[in-house]
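Listed after this line are the structures, all set down as structure tokens.
One chain, subunit A, links the two complexes that follow: it is found with subunit B in the first and with subunit C in the second.
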Partner chain A sequence: MRTVFLLTWKDLRQRLRDKSMILMAIVAPLAITIILTSVAGDAFEGRFQPSFRVHDATGLIGPSLVAGLVDEAGFEDVELVATRQEAVAAVEDNEASAAILIPDGVASAEAVSLEVIGNAGDGLATAVAVSIAEALASETNAGRLAAAGLVAGGVSNPAAFEGLTAMPPVIEIVAGEAGSRILDGKTYLAVGMALFFLFFSVQAAVLNVIEERQEGTLQRLLVAPVGRASILVGKTLAAALTGLVAMGVLVVATTLMLGASWGEVWGVVLLSVAAVMAAMGLGAVLATITRTAEQAGQFGGIVATVLGLLGGVFFPIVGDGGWLDVLSRISPHRWLMEGFGANAGSGSPADVIVPALVVLGIGGVLGGVALLRRARLTGVV
Partner chain B sequence: MSPVLVCEGLHKSFGERKAVDGVGFEIAAGETYGLLGPNGAGKTTTISMICGLLHKDAGTVIVDGEPIEVSSVGARRALGYVPQDLAIYPDLTAFENLAFFAKLYGMRGVAVTAAVDRVLELTGLADRGKDRADEFSGGMKRRLNIGIGLLHGPKLLMLDEPTVGVDPQSRNAILDSVDALGTEGLAVLYTTHYMEEAERLCDRVGIIDDGKLVAEGTRRDLIAGIGQRDRVTFEVAGHVEGLAERLLELPGVDGATQAEGRLEVVLKGAAARLPELIAAVSNGTVVKGVAVHEPDLEAVFLHLTGKALRD
Partner chain C sequence: MKVLTIAATGLRRFLREKENVFFVFIFPILIIMFIGLQFGAGSAPTLGVVGSGTPVGQVVVDAVSSDGFGIREYGSADELLDAVELRQVEAGIVIEDTDPVASDRPTQVTFISREGFGLELRSAVQAAAVDMSAELRAARYVADVGGMGAAEASALIGLVTDHVEVVDVAVSRGGEPLFEGEIEQFDFGASSQVVLFTFLTSLSTSGHLILTRKLGVSSRMLVSPTPVGVIVSGETLGRYAVALVQALFIILATAFMFGVDWGDPLGSAAVIGVFALVSTAAGILLGSLLQNDQQAGGVGVMLGIGLGALGGSMLPYELFPDTVQRIARFTPHYWALRGFRDLLFTDGTIADVTDEIGVLAAIAVGLLAVATWAYRRAITH
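Then we have the complex of A and B:
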């Protein structure tokens, strides 16, 4: 183990002295996230046209909500449906981006839940639907409190007002299962950019072995009284730590600076580890199929960019079962975006764990391929 | 005393091409052995098999009594390796480079510092230990490269063409350092395609060509082996095609090769036959210069292989 740590520490020390690595791993994703966050709202509005289904069990609020969304908000495809099942089915069949469900008890004094059912592949539209529901809840609550205040106005005992203000919210927003996979704009960009650049930085760390091979230092390591496995593990550990530290810094920085909401810590850690593993697997395969560091860097950049675009790090991929939706499933970024979405929303642990396992699987398969081709990596034939 | 390195019957092919074909030799403690041959002769492949960097198709390598295979770990402790390229970390200081490899060879604590200081002194880099290697001149990098190979006190040091691409001043410094190593009881395997280096440094020389060890011995033995043959060098211009072949038809000419306006001929009693040679060469060709060399390893190589070392 001493040798493994020695190699890891040597690689990490080199990483720390490599300004381009720090730029790529931390500065660039952070800067781009900040820039895009400041302009992303307008950018999204220009082409954003979600479709909503509204079901109102009371029959009192729905028509005016639909009219408001069409006339004032400018949404073209908003429809009031007769049953809750019809609204949910529209989302499940990819006919609608989200369903807003107004329960029967909304007009009563009992606390009730407004539900938003979002399309798993359309996080942005779901986020908008949640915002609409929040606004609706806020207005309704204000109205109820005002009414309560009027009633209470006839009562001279101030304690009665204190009781009213201490009442729990009358309407509570509950995001349904499908709508749980939500990333708000800032977090979406933070997650997307972090993942996009993570693949670059981890790949660069893994591809360092090609540089060592080119410079002859790998041969020197191989001649030393050190097991081949120790060299492999030491360098792998350094690449993994590089990626995890970069991811950790970005999570903290975007949370503190931009107010990004990454969700549960365990989910962030699990998905970050999975992302690093996939990036390492990809880098390792690239290292076995390219001859020079320059070639590997260029090829790796292209692969990381294509996978990132396909995986929706810059814009959401609509989960409509279309060819892009299906094709994007080969990208670890797609699974990671979904996992982080579930983790940031109120997704179940399974919604986070399953994507993480898929990405770990991708990393495992790629790593296995690289191991089978390791002779190409070391030049020992 | 048993030799430090024994290698026998080394074979290595890459596809259809035989890179090393039955090479074998021994090196004793304190002996410097030169593997002399042109580029592509099989020197680096041979040294790579001795180091355990390449699998052998056949043959054995024993260093300090231990067989060396690709999977060997402990036995490699006896090896010091200086690769042809600069195998140092440019973004680490000289001290950090040396300390890293010292620890990799199992040294700890004060032993690391002592070994690093010793090598920095030996390589003339004592006052530059805290500087990054990428700030060094080419010669200093070369010296650091050699120093890493010496750091752990190996029994066998292998230097694979350590002076390629080095300026003359640094080259002399490197040769002086290597020259001193043999006197410290270290077995040295030195590969080169420079005849002068082999003649200056090596107690014995193995001549390798097309993957085969075609001759082996001391300089004196090798030269004696070809008889008192001289090497004549012509600087020529004009119509030179087929000139070497025509000269080979002359009686007593043992070898002739030409490249880039330079013609080399090996024969006995060159001084007496010079007019005849000049007449033969001048036929359609302008002779710009002639030099007769005493028998040397270049002549030996030309005699044995029909090729010049730089071919």
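Then we have the complex of A and C:
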């Protein structure tokens, strides 16, 4: 047992002294996350906040329209302006996403057009402004239709006509509650980069055995009175600890520095352990199929990059059942991103545990394959 | 002549490594494909629907899909909630199965979205509901106050519809578009990635120069009757060739595979030619300042991704917060991308991008002077 710890300790010390390991495991993911977060700003959040200017020539509809847009739709920048020119100028100067202009004729029974002037750079906001105007037009048209209907039906009771401005709705849209099981912008970057680089650093730690074989230090260990199992366990432990420490540092650093929200601690620990296991399994298989450290590093880099890309650490993979969605399931990163999303958001414990088990399974299978081929791992056994 | 030999040897040694081939040629194409697939044309938000067969559902679904949004049907509200929380759809609606005119209360449409998201879909659903409800509301109102049956009231409204003047919506555009001209699905990604990867590869492979020193290639060249200037020029030329080959490959591959239009050939060639020189100089500087090739790889990846993101090659710089946009001007990426904006999106020619080429050329000359001085120092000291 002592030998195992001694070996683990030796490996860990070596790793701490190795500047490139610290660079890859901690500095690089942290620096990239910080830069990307500052660059993305609000754009990454995907929240839709258009700015509208409303001018109402009738003076009757505007205030309630604006109030509705602010209070019910949740748009923060909606303003009722005094003149038509003011509204148009705001759009021309790129200060507003769209202007909604209500002409005088709306209050009478004329055929008129509500105008929407959309900013050329903001198609989405323009579309929303158009829907708002259409809703308003429909409201007016309903009143006009009902009035004509009442007349045609021979109803002359004045109270019936007074009620036209407050006809009850026939369709009511109510808001349903939904949580979120995907990561918010900042946390997405933090988790994605942490996982991406984790696979590199853990792999490098595992592949260290090839370096030792090349430099002859592994052979020296093998002739010493140390069990092969101790060597394997000691080195495995060191690689696992390297990954877990890196992950821990990144979780704490991104939480404190960027306000990333990783969610429940148990979930973070479970998913991190699973991630480290999968990375180790991958590293171990690589160690058994490559000859030199350079070759292993190169091949490992490619595999980790492709799996990361496919797993959505750079760009989210949409779970729409398309071929990319299905293909991405072979990547442990994909399951991990999903698990971390559920853990940080409104997922149930099962939404965290199932992905973690899948990733542990991937790690187990890969580790098993490596064990079967362990003769190659130590080279001499 | 010796300059060319040194350059060719450098290029050959570089291309012999599988990892380099992957990251120079295959990875950028994979990324461009991913970005095109995930964010390209036709990626309007999708609305999940439960109850699309109901009277209200049919109309809402038709209206929302004709607004250009996607529609996906779900069997139950629980399934829909899952899909919304996992962002398989941006938002969803559950529609009650009632007849809106005959029923004595409004038909409920429950709109489900993650907090703050799906506002544009909500507007579309709302507009569709209000649009269809003009006649329905009038009919129900007339039935209520006129004391007639739902069928009779509906018939009455049907009769008057053609004679009532209605309010409609007219749409026009003002202001400046964020991106001018036609942008095809892969165009944006292609120009950003060419800039990102040309720079990234030059930096991340700067360890190559360190290996050249470590392995004694430089010292052997120095003892031969070869002036230091020739060695430095040769290495620079070799690395410039790598950058150019990669850029050219990405340009040709995207043009043929994804139909990306690279605009004025002369203009694009000039921008990428000068930008590749900036990248080369940055790579040589890094390779001369650092002593450990693995560290150079890590620092290179970090700087390459960091500066790339800051310069707008991951997210369009138009979307950055203002202060970050000002900082972006200090990266060569920004100037190259600004040039490509003119060349690709507004069909500019080389005459339109002389400013950008000028700035890049100034950076290239300055950086190259420092880099060759540092490299000369590194191999002679």
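Brief remarks on what is shown
We take it that the second predicted complex is superposed on the first by the 240 of 381 C-alpha atoms of A that agree within 3 Å, B and C clash if a C-alpha of one lies under 4 Å from a C-alpha of the other, contacts with A are read in each partner's own complex, and residues count from 1 in each chain.
The working rule: contacts are C-beta pairs under 8 Å (C-beta built on N, C-alpha and C of every residue); 3 or more make two chains touch, one makes a residue touch a chain.
Quantities reported herein were computed from a predicted structural model and do not represent experimental measurements.
In the superposed model, A:Gly368 lies in contact with neither subunit B nor subunit C. Between subunit B and subunit C, more residues of subunit A are touched by C.
When both complexes are overlaid on chain A, the residue A:Pro349 reaches neither subunit B nor subunit C.
Once chain A of one complex is fitted onto chain A of the other, the partner contacts of A:Gly259 are absent, as it touches neither subunit B nor subunit C. Of the two partner chains placed by the overlay, neither subunit B nor subunit C lies in contact with A:Pro63. In the superposed model, A:Lys10 lies in contact with subunit B only, and not with subunit C. In the superposition on the C-alpha atoms of chain A, no part of subunit A is touched by subunit B in one complex and by subunit C in the other. Within the complex, the subunit C residues that touch subunit A are 17-19, 22-23, 27, 30-31, 34-35, 37-39, 46, 56, 67-68, 72, 81, 84-88, 94, 100-101, 106-117, 119-120, 122-127, 129-142, 145-146, 148, 153, 156-157, 159-161, 163-179, 292, 294-295, 297-299, 301-302, 305-306, 309-310, 314-315, 319-321, 324. By the touch criterion given at the top, residues 19-20, 23-24, 27-28, 31-32, 35-36, 38-48, 73-75, 88, 91-94, 99, 106, 109-122, 124, 126-128, 130-146, 148-150, 152-153, 155, 157, 159-160, 163-164, 167-182, 297-299, 301-302, 305-306, 309, 314-320, 324, 338, 341, 345-347 of subunit A touch subunit C in their complex. Those residues of subunit B that touch subunit A in the shared complex are 14, 51-55, 70, 73-77, 79, 81, 83-89, 91-92, 96, 100-101, 103-106, 148. Listed in rising order, the residues of subunit A touching subunit B in the complex are 3, 6, 10, 13-14, 17-18, 215-217, 219-227, 379-381.
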